[in-house]
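Should a chain be cited, it is by its letter among A, B, C, D and E, assigned in written order, with residues numbered from 1 in that chain.
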């Protein structure tokens, strides 16, 4: 059984407009997205800005309400549970945020930040809590005395580690990482990525890894879903996506990745042009009559794409 | 990793809280520092004055000595009831300041509660609160305060504070709401939600501390405004009960041109005192404001 | 010279300007209406209510009958009168050559019109007074039962007679003789316009006319009025070419006088000292027909019977306490220091302005704390617990509540001072609600006999009629003390009876009444007052002396 | 050498912090030639923007100190009075900013903003200006140019806005274009388009471009020459091929190793120890990178590191590169530290 | 745009209605009514007579009935009769409102005329002596009670220097409609307006200064400079255009300040306007006038906020579509 299952998940935001601000039909930001994540794997969600990646993540976390669909965690529908049991359940799902600067409360010291989930769910004595926090802090590679420091005294990478420590405090099964490194410099990025990989292996975490950087996704993930305008357009293993992209949008994304070899510049440019042209020509192939991206079709056991 | 107690303590001390930021900012701004000292002196003297000044004596009418010019006995002369202006000034400063502080605190409490709720929940709750605030903001509050003052049957300082504070919180609520709305979109609030922290805890322990600098800045700045408003209302005759010494009572005597011209000691010290108090609060407020915004800090 | 009263010597003010120069032909006088508020501008006698409106009207309008220093009607006005032997019918004859400003003659029917307005069922003003009500047939007319007032006869164009139900000396002081130009303002009785329309009509607000010495040329509402000489004035040619009346804030009166911006202005007491020093200003002063008082609540208004009823259980029922409280009050100091001698201790309830009726020998109850203490001891109010304040005879705390009006710079020190005075003799008095009350709230409290009030401070203007029954009668709503006694009833009755047309007799009656009030002390008259007028030295022929020829507006002029 | 557009000599740009001036750009010398794309790479905070702003003269004069020589077509920009500087900027020297969201005036229609440099530098009639603007918009790949002309920035997508910014920079046919991270705020696909566009335009106009970026991928795709900056200094300067095939400076090598390699090998990424020190905490004597490669002993660094030309046009600061190895290499993986062509 | 204005206007109606109910209710709660006020201190009016007058004016009806009557009339522009002034309130206000409008508009204009240049100078040359001077002036003006300042102005310029008339709105001697009349009106306005506006500049200067300092650091300003635009143009075209927006948004609330200020100013300069009328009316319990005045002030603020909204909409394209 998959650890997390999304079934036709739809998230809508109301749009304001018109005379006397009547509510006009809401816009689906995430439109009937379904995928599954299995125990222990790292699932990547890729797409351009505004395609609905974060919204999907937030829907799983219960920060947005669903307009339609189900989210099953270990087979239980998170949105059908009572508030209390859902709260207990959410303990097993934790999130790492994109911006290490705003995801930590600047008014709290590291101790209080990391202890927050512990205080909510576990009744620890002060000593136990301190011990636990120190353990976590050391686990993420920070000094023990840093628990008295405030977020602004840390670099971006260190902050992201604090965020990870907080997420790990309750020993979750599923970790959702929403662009955890896109605000960081290359060198720091490497640090966090390495670290996340270690943690994932050590805790046998299941991770939903969201990013727009195909290089990073490739480095981190086992399976990848490509999102476009609120819909999933292709899903498959890393090899499926990078070696055998079937959807033109995926191809386009892959082609847009900067080439690190100066020699291949012109080649790459040519390739991009080609794909762009194709894309423009064949655009309507990927949409149904109402202009909606069509459903995924199975290509192989691991590979699905929104193709006719 | 073994940690010495010393290292722990230093790490603890190394953090800089908002308070120390304010203090540093004030220390580096000469005007603010002077203001703070002056204000502390004024308020300090005013508040400890009952220990060396008998209120009864200061407020006792002595018709044979009205409008005496400053002398060794009456440092700042006497007022329309032959009362010592210096003593009145101290009592007045104390009353005015107390009222200003009380009004500010009360108004902040209202504003904070409403603003936080609107800011935290957003959506429909915010919409409703906003509409109500929109309406309240357009009330001609000075006029309505006056109407209230006239209306209240059992008029006392307490009632006055209540009335003033009822009309002083709308702006605050708005301010806190809008910052709250911005704050609620920040990831640390999301984080707290995903960590299972209950809403009220998030509001009080996550959001509020981050708004605290805003609130403190707003409070220091409106404190001056509230003291000014109290004085103004007293000037118009709708402020403090007239036997209660207040800076406004003394300045209100300046309605009479003879006093303005020939009996400056009655109103001028009070006017200057209020000016100094308000200036001081303002300078401190500005320093506090800078402290709240790292980009503006001098220190 | 003005009359001097009381034990102390208040300053002495002239009643007439000293400038003896000839007035210039094209002079203009600027008169201040001293107020921080705009004047209301209802420039018609039946309808006006502001004192500034009255002041403005003085310049362009007047009563047909003139009055003397006792405010009694005389025969040297625009009309002469005759009183019938039974003193119930008065007949007016308007002199020749009295014309409205628009050239129409002043007719007897114009005076009739005034009565028709005053008695009209729709009339909502305040001048439906005793002398109007007392006219025969007025009740029926007022109730709308008839269209004509049977007691008023118009004999010819210029003769009219008015018959009263009862003979009362009030006729001599209270008789209404101001006509209303029916042709100008429009006829309410003929249905040309309604009473309300008339009241807000431009004809009395923007373009009013009268038959006085000056003609209104222009009005800036609430601010100023420009008048010009009425060449056809019946007494003669007015001295001034033009007159400007304008509101001047109290705050800047002195400056305006000093600069010569205004020639004539009432001077507020607190600025007297400053004005005194100005050498271009002469100060005239006369006693005002008003006094301040401290009242004691000793009863309640009985709404059933519409009369006052004393309450023997009220806190101040014991007259010794009231007497003591009067003795405890240091009015002398208040007048001297707070009013710069412009007010001085009052003695009786008939002001010295009524020269013939004020009992100058009755000294009231002068400041004497010792006597006050003795009286209180005698009454059994003794400080038993040693807290400095007396308890009542039963030994219970005795706390009185004092209501006083806010307004003016000195209201607060005065109230505080009296409280101190009483504290000095051991009486504990506190301000009702802990504050001074504004005008309306104060009267609301006092009028409704609110139990929160035991003592109250106020002031009365007496009007020109010395009869005090409107303020102290058994049926008088304004008798806020709610004091009644048989003797009081009898004396007041006698004061307005037919026999009181004899001034000597009336003086006796009122002397007795004044003594009664000093004995029973339903209220303490505290201060009499001067009214001060600052006049520029260039003003000539100006007088506030009721006996002087120069009291007439048309005589006033300015020299070069 | 009339092909040289810009010569920077010992440029030092210092910011005032706590009343003292600390250099953020510390003695940089560079030249840019016609028709050349010079890329500057480095981590955040190493002084790239400070350098660009210094060239444009956009630092507020009260809190910034700019010393050295910036010679543009024979004139030292630092010594020009503001009026003359204004004659140059926007005309022969133009700049593209990083964030298209904020770099456009939110209350002016796009057309006016593009016309503004023409108002200043060219004498054209209103019609000509509009014509030229529409042409420019077309050149940067905006098809519905008439419509966009009338629109406000917030009505455009990020990519469109960046195109508008480019059009604005090109308004007076500049000979040197300074682009400060022109694509950082954009999506990959759009980034590719914009880069291509810039390349095209550059080829057409033969202008020089100073391209500032922190993305080595962008460098590889665009640049002719690359300067690697660290802590206000240039640590390595080389033609693009040389840099990617034969990186020398420890910093360059570390950077390349810390990229999640595009080849898909899931080996550990290299992590550079520590952080870039803030300019007020930077130790300025000795090798500035030394603290971040602590396993290289101190003697191996130069006392006063200078740029050494180790191959034609290839400069490296400090001798330490000769002894440098990555920790991973020591542990047996002897493969070349550079990215080998696939 | 039109749709927006219509919507905004419709939104005003419930606000006004709510305001009117609130105000009416407050007025009725005050101790004493118009009749008490009008006849107190005049001994010769009997209780029955007063009761009759009360009955006549419907002062004894339940308040909801009175409200219904009042609001019905108010909609038709009839605020009833002032008991004290014996005049329709509308007529009474008509005489004063013109003066108040003169005063407020002039004060507003002068405030902006002073504040905007000051704010610009202070914002542009932050830290210069001019800036320090302006900031100090600003603090002082904020801290000075308006009545003290107005009194001083009156003394210095009205009396000591004798430059301007010390009270009133216009001299009686000048003909209405002539240029002289207007000139005289303006002369009478100088002191009240200056006293008001010199202290009202606070928020505008403060805001503009901060806003300019903020805007100065914005990227689009760098863009403008990079285009070679001269410094003056940068400030006038780019920075000011952006910074002035919030000032427009404040217009509505500025009106609140004006109303409050006019109460003081009109009292001190004996300027016959609505502010003074309010104080007088409240003293005399002339509640038809009080209610009308508060309603008018409220309406003025509502209209003001609406105006700022509309202005904002017109100048800020971001809101226009948003």
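Operating definition for what follows: a contact is a pair of C-beta atoms (placed from the backbone, for glycine too) under 8 Å apart; a residue touches a chain by one contact, two chains touch by 3 or more.
Please read these numbers as outputs of a predicted model, since none were measured by experiment.
K.L.:
Touching subunit B and subunit D alike: which chains?
P.N.:
Chains that touch both subunit B and subunit D, as defined above, are A, E.
K.L.:
Out of B-C and A-D, which chain pair has the most contact pairs?
P.N.:
Between B-C and A-D, the larger count of C-beta pairs in contact belongs to A-D.
K.L.:
Among the chains, which is located farthest from subunit D on the basis of C-alpha centroids?
P.N.:
Max centre-to-centre separation from subunit D belongs to C.
K.L.:
Using CA atom averages as chain centres, what separation in Å is found between subunit A and subunit C?
P.N.:
89
K.L.:
Between subunit A and subunit E, what is the gap in Å from one C-alpha centre to the other?
P.N.:
Between these chains, centre-to-centre, one finds 54 Å.
K.L.:
With centres defined as the mean C-alpha position, give me the subunit A-subunit B separation in Å.
P.N.:
47
K.L.:
Return the distance between the CA-based centres of subunit B and subunit E, expressed in whole Å.
P.N.:
Computed from C-alpha means, the inter-chain centre distance equals 25 Å.
K.L.:
Scan subunit A for residues touching two or more other chains and write them down.
P.N.:
Touching at least two other chains: none.
K.L.:
Residue numbers in subunit B touching 2 or more other chains?
P.N.:
Only 150, 153, 255, 257 qualify.
K.L.:
At least two other chains touched by the same residue of subunit C: list those residues.
P.N.:
251-252, 255, 438, 441
K.L.:
Which positions of subunit D touch subunit E when the two form their complex?
P.N.:
Touching subunit E: residues 53, 56-58, 60, 62, 82-83, 85-91, 94-95, 97-99, 102-108, 113, 116-117, 120-121, 152, 154-155, 165, 168, 171 of subunit D.
K.L.:
Inside the complex, what are the residues of subunit C that reach subunit B?
P.N.:
250-255, 270-271, 273-274, 330, 333-334, 336-338, 406, 409-413, 415-417, 420, 431, 433-436, 438, 441
K.L.:
Sort out for me which residues of subunit B touch subunit A in the complex.
P.N.:
1, 3, 7-8, 11-12, 14-16, 18, 186-188, 190-198, 206, 209-210, 212
K.L.:
How about subunit D: which of its residues touch subunit A in the complex?
P.N.:
43-44, 158, 187-192, 196, 214-218, 220-221, 223, 240-241, 244, 254-255, 258-262, 264, 266, 268-272, 275, 339, 341-342
K.L.:
Quick one: in the complex, what on subunit C touches subunit E?
P.N.:
The contact residues of subunit C facing subunit E are 36-38, 40, 42, 47, 49, 124-130, 196, 199-200, 205, 218, 220-226, 244, 246-249, 251-252, 255-256, 259, 306, 438-441, 443-444, 447, 459-461, 463, 470-471, 476-478.
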